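Letters A, B, C and D mark the chains as written, and numbering starts fresh at 1 in each.
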Amino acid sequence: MSQGLLSDAFLISLIAGAVAAGIPLLLAGLGEQVSEKAGVLNIGIEGMMLFGAYAGFATAFGTGSLWLGFLAGAAGGLVLALLMALFCVRLGLNQIVIGIALTLGADGITALLHHVQFSRTYPRLPRVETLDIPGLSEIPILGPSLFARHPMVYVALFSVLVLTWLFRKTHVGLNLQAAGDKPDALDAAGISVVSTRTWSVLFTGVMAGLGGAYMAMIGAGIFVPFMTGGAGFIAIVLAMLARGRPLWVLIGAFLFGASLSLTTALQVGGVNVPTDVVQMLPFLMVMIVLVLFARRASLPAALGLPYVRGQR
Amino acid sequence: MTQAAMSQEERHHPVASAWRRWAVAVAAALLPIVLALGVGALILLALGADPGAFYYHIVKRGLLSWIGLQDTITRCAPLLLLGASLIVAFRAGLWNLGIDGQFLLAAVISAALAPVLVTVLPVWLVLPLVMVVAMAVGALWSLLPALLKAYHGVNEIVTTLMMSFLGISAANVLIKLPFDDPTTTVPQTATLATDDRLPRLFGSTINVGVAVGLAVILFIHWLMTRTAFGLRLRLVGANPRAAVHVGLPLGALMVAVFALSAGLAGLAGAVEILGVWGNVRADWNPAYGLMIIPLVFLARFNGIAVIGFVFFFAVLSIGGETASRKAGLPNYFILVLVALMLIFLALTEWLGQRRQMAARD
Amino acid sequence: MTMASRPPEHATGAAEPIVVLRDITKRFPGVVANDRVSLDIHPAEVHALLGENGAGKSTLISILSGMQRPDAGTVEIRGRTMRIASPRTALDLGIGTVYQHPTLVPTLSVLENLMLGASWRAPMNRAATRARLDEIAALLGIALPEDAPLGSLSLGQQQLVEIVKALWRGEKVLILDEATSMLTPQGVEDLGRVIERLRDAGIAVLFITHKLHEAVRFGDRVSVLRQGRKVGSLSPEALGRLAPQEAIDHIVDLMFGGTADRTGAERSRAHRARAPGERMVIEVDGLRPAGDPDAAGEAGVSFAVHEGEIFGIAGVDGNGQKQLAEALAGQRGTEAGRIVLDGAAIEGLSVRQRQHAGLRYVTDDRLGEGTVSAFPVGLNLLLKRIGDAPFWRHGIIRNAEVERHARALIAEHDVRVPGPGTPLGHLSGGNVQKALLARELDDQPMAVIYNKPTYGLDLNNIHRARRAICERADEGVATILISTDLDEILELADRIGVMLDGRMVGIVANDGDAARRVGELMIGVGARA
Amino acid sequence: TGAQAQEIDKIAVLVPEQGTDYGWNQQGVDAARAVGAAMGVEVLAAEGLGYGDVRPTLRELAAEGADLMIAHASGYNTAAPEIAAETGVAVAIVDNPGAAAPGLVGDYTVSGHQGAYLAGMLAAQLSRTGTLGIVVSGEPPSWNSQSAGFAMGARSVNADVKLLYAVIGPAAYADAAGGKRVTESVIAAGADIVFGQGDGSTFGMLQAVETVPATDGGKVLFIDVIGDKSEIDKGHLLSSVVWNLVPVYGAMVEDLKGGTFGTVNYAIQLADDSVQLLRTAHISDEVWAGLMDARAGIVAGEIEVPAIWEATDVRAMMSSVEAAE
């Protein structure tokens, strides 16, 4: 029996591990990208993910249905996004303050709920059924690791295409860009900046909630407090680095996932490197890319600024 | 009394109007707290705890008992310095989101240096020396983001966050490898003896760090609001193109801002280690950034207001732990309470702005 | 074309007004921008809305276009009282607006900017948009780079896009707030023709300008605001009875009361105290500004300015004037060439060093780089002197000095502002420009580059500013005056250089024949001098 | 200060997380409560204190009249002796014997490396694939010594056993998703028994074990540490290196009463059953008997199980896959 570092099973598990770690980042990163495009810096995304993780897990555990879990995860993210939209878009409160407040609040509430509900039983979900894509899933190594996953993985990948299309080919894309770059122009053109930003924040909430739900239900099969562990902040960075292109979020998310798998691969292979060093790799890579190519910032001009009509 | 009558009266009684302004200010400060406590009380009731007792314990422990108050004040020190750090950066329009990494690296270097230096130099020299080195370490860690921003326009949110993650990992590597104290099995640096730490004030458990923090934040407030240098930095923040137009060296100023801001974050690390901890353990990361950033925004980058918010937060964190323990609740509830306070504080500020807008004529 | 030549039905104003503003009041902190203003806007009529800087014109139209809500008063559309809650409502009512400040998205292409505003569910129809754009462009006699990002266009071209956009949506009412400020005389003519056609098709046009000859030329009816109040109007009948110059005189009286400055009719240059001296102050040789690849020609720009001379630089906006000015000021690098100031090469110096050497640049981008909107007016007036005595001592600000300085300049330059502490962004467009000029004129440099110094100013202020420029020149300041307004250049300059495609295509003396020769050079006819 | 006999009516225990984790925190809190109940002493439990500064809490508990404060986290072992010196209240700390001071500071060493040795023997005997996994959430000393003990025990049964060692992250105690991901990879690399150490992340490891088959298609079994997760087991729990802190805490209180506190180092060990191997239905009588023999050998000192605290030393003990192939 072929075993160890070069066995198919191990390679498959590494790639699948990268996917498992990358999908929440991808979903949340895509969501963040939309609201950043529209000019809202959503720092609350970490909280939205955590809320989605809790809601998704609790529902999936209660009902036995992952799909209901995803629905609840999306709703969980949406609830926080509604608050964010109300406070930051409608009322124009400071996005940083509210974003951090939502994250702290979600940290606290989910931990409390977990304490009350699950801290004596630590329920775990059963094995996840995968959807094997005929044909593709038969490719050696890549097939089983990429094309025999839970359907949510394909939904996430598909949403990259949808967003690309939306940004390039629709009025929604134009509106988002205008809302972020020059909101007064959008307003003057007769489109409500507040509505556009509200929708984009709500979308972020849904995507972050789905990402969190994926992390809890499929990534871990369990909910534990603070389990997102900063993934939301990585998603923010990915969205900024991607400079408005969904495909770049995809690439970034999987590079992050892959570097985690790399850590495991090195260790299982008996290569003696401290985890701290390996953990630096993705961040180091980003810095090197930025130093080498010194890519100018192209964040939306009005990012983080509330829009109040007629104010100057 | 109607609005008109009131303003009529104001014109004739300046004293009354001063009183009224005071009343409004006090109400504006208290309202969010009352609202947050109210909503928090509902959650406490839902959790089966007694809100009255809970809040009583927060205040009693965090503010009214002398041991508690000393701890509250001690906890303010690093937060004040980090607040000063952020005031510089934010007023200059630069998002230094890397203070956690700068803080931690400087803390580790301080912890590694101080126990060694005290064996060769007098303590009164070692402490300031280490603080200076810590500032340099913090500043150095911001150099790359600063240069990339100043001369290549690379977005500093991304670079400072990246450097922060890198700094946290690098700090751990330093602790586990070169600076590991061989006499303990736990990976941590050697410990600075309690007698060699920052002197304590008037026989209390409060160390000089908080005085340093207060002095620095007041100085920074003065620097940013009253000096030409501060105005130049604010100009960079408010309109960088105008800064170029009026002939300011934009790049150099940005690097200076980063150096100052990150240097103060480094100083916070040194003060925390030299004043309280004495050493750094692997994987230690208080992540003060997440807490201090909203406070600095709520204070609208005003140093004096930051002092108030920091103190308030310290009371909550010291008193909250006791209150949770006595109520048999997980400490997590304090997170919820802090979140509620932030939201209501932001809301009241918004209401205040609207009042100002409405009161125009 | 005279008033009398208009079709009589338009001169009568018989039609019911389509829009009636009634007793509109709007306050801002420290200012009453509109004080019970009433205005009728009739279909098939061009209504010129005039007034000094800060009179409240932009505020009034922003209420009509849904950007501001009035504190009191009503808006009636075809006799029905309407609440115009948002720009969307206004657009749905067929009210299209060109705002004084740019309202286009710099990162979107021209075409995309024009598509902005459709329902988000609607499919994106580039072809139809393109066709419609071509149609309107043909009407205006212009060509626009449809797929270029808007931010890459010159300000003049951007203004054309704004106009196209307003024409697109303003099926009933078209509002133009200083829409001609960046256009060439020819462009103004073309726009005027389009306006007339629209008017004849029954559209109501509300037209704001500081160029009174445009107002009487295109306007059928005139209303004048002063310090927030409507102080007078001329009905079509009244207007029809007056010759253009009489009408202008009448309007000037209304606008400024007794304080009107009538010296503008003569040419200021004739009143210059001294002729330019012999000493060369600025010599520019083969200068090629960095940046836009096609902005500068191969050979670069060369010219020289004498002590006390005003050297005008004419040309259609976007022909490299801005790049040249920025390269001279040190804000933009150079690829080749020399700049000599008072005998010393300065091309290697920083902006600051050039300022110290005695060179000043008065930017045309008053909000983008000239001022800081969030800062109080008082600080904006000292932006180029931060740290200098007596306003700072040992680097510490002395607020009393700053305030005294601000009050003096505000009074001297008649900046309409509640006080030195008001954020500059709250000022009207013209008053921002006044503050900017006040700051720049409050110094004694050796050489100054003015870029569109009177853009957005009212008549009185234009005269004041031009006189100040002449006075400085008389004191010996070598002056470079960049303007798209040929009249201004002809009025002030001793010699005129013309820029086209980043090159200086000719330099002519400002004598009797200058207007014709400059005009030819601007459109690419005529030899290099 | 010399040791003095003392009345004890109140003790405090401080733990970084909630005491409901079937692990480190729960063992600490439960043991303190058990000692309190047995000795008629009041117990103040401060849970979920995190890894920040506990000096304020220690001062407060001292002020509330605690006579002994058990700072049950290695991260507290600098702060607690300082507060003991400041307040004069005795403290117990973990993993820092050098700081012990008679009457004031007592150190206890919690490492189940002896038990982990038995667990390693058990795993090596039951493994079908000959490959064992060790997954840890981080690398604190007590994790390290148990990983090493496990490796030594496994090798004692089968010198050729392959040991796959993986750390989830530098401080990934709560990273359940990471726990699952890493455990899945370890299983895919051939492990059919996983020795897992972590707090919240342990549940991710369990999830992986429960949902992924071994490379031979069979069931993967899990060996836990510190607590007893039988209650929440779904049939994959093979064993656990269970700690019992009651003897240690009890001895500390007794010594404090008797005036000898801080003069000895307290430790958990097989000998007094403060370290035990959990027996589940997966373990046959025969195997169990073998393990009990080994236990006796360890207790008697015939089998030596050294405590290895350093992460680098632990890593050096693990298999390199290339070398094995």
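We adopt the following convention: a contact is a pair of C-beta atoms (placed from the backbone, for glycine too) under 8 Å apart; a residue touches a chain by one contact, two chains touch by 3 or more.
Remember, predicted model here, so these are calculated numbers, not experimental data.
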item: Relative to chain D, chain with the most remote C-alpha centre; value: C
item: By count of C-beta pairs in contact, the leading pair of chains; value: A-D
item: Centroid distance [mean C-alpha coordinates] between chain B and chain A, Å; value: 29
item: Centre distance in Å when chain A and chain D are each reduced to the mean of their C-alpha atoms; value: 35
item: Distance from the mean Cα position of chain C to that of chain B, given in whole angstrom; value: 46
item: Of all residues in chain C, the ones touching two or more other chains; value: 373
item: Of all residues in chain D, the ones touching two or more other chains; value: 18, 139, 170, 311
item: Per-residue multi-chain contacts in chain B, two or more chains; value: 169, 172, 176, 330, 332
item: Chain C residues within the chain A interface of the complex; value: 62, 65, 67-68, 86-88, 90-92, 97, 99, 101-108, 112-113, 115-124, 165, 169, 373, 425-426
item: Sites on chain A touched by chain C in the complex; value: 169-172, 174-175, 177-178, 181-182, 184-192, 301, 309-310, 312
item: Touching residues (chain side chain B, partner chain A) in the complex; value: 47, 144, 148, 152-155, 157-159, 161-163, 165-166, 169-170, 172-173, 176-177, 290, 293-294, 297-298, 329-330, 332-340, 342-343, 345-347, 349-350
item: In the complex with chain B, residue positions of chain C that touch it; value: 27-30, 329-331, 350-352, 354-355, 361, 363, 365, 368-375, 379, 383-384, 386-387, 392, 395-397
item: Complex contact set, residues of chain A against chain D; value: 1, 3-7, 9-10, 12-14, 16-17, 20-21, 24, 115, 119-128, 215-216, 219-227, 229, 260-261, 263-265, 267-272, 274-276, 279
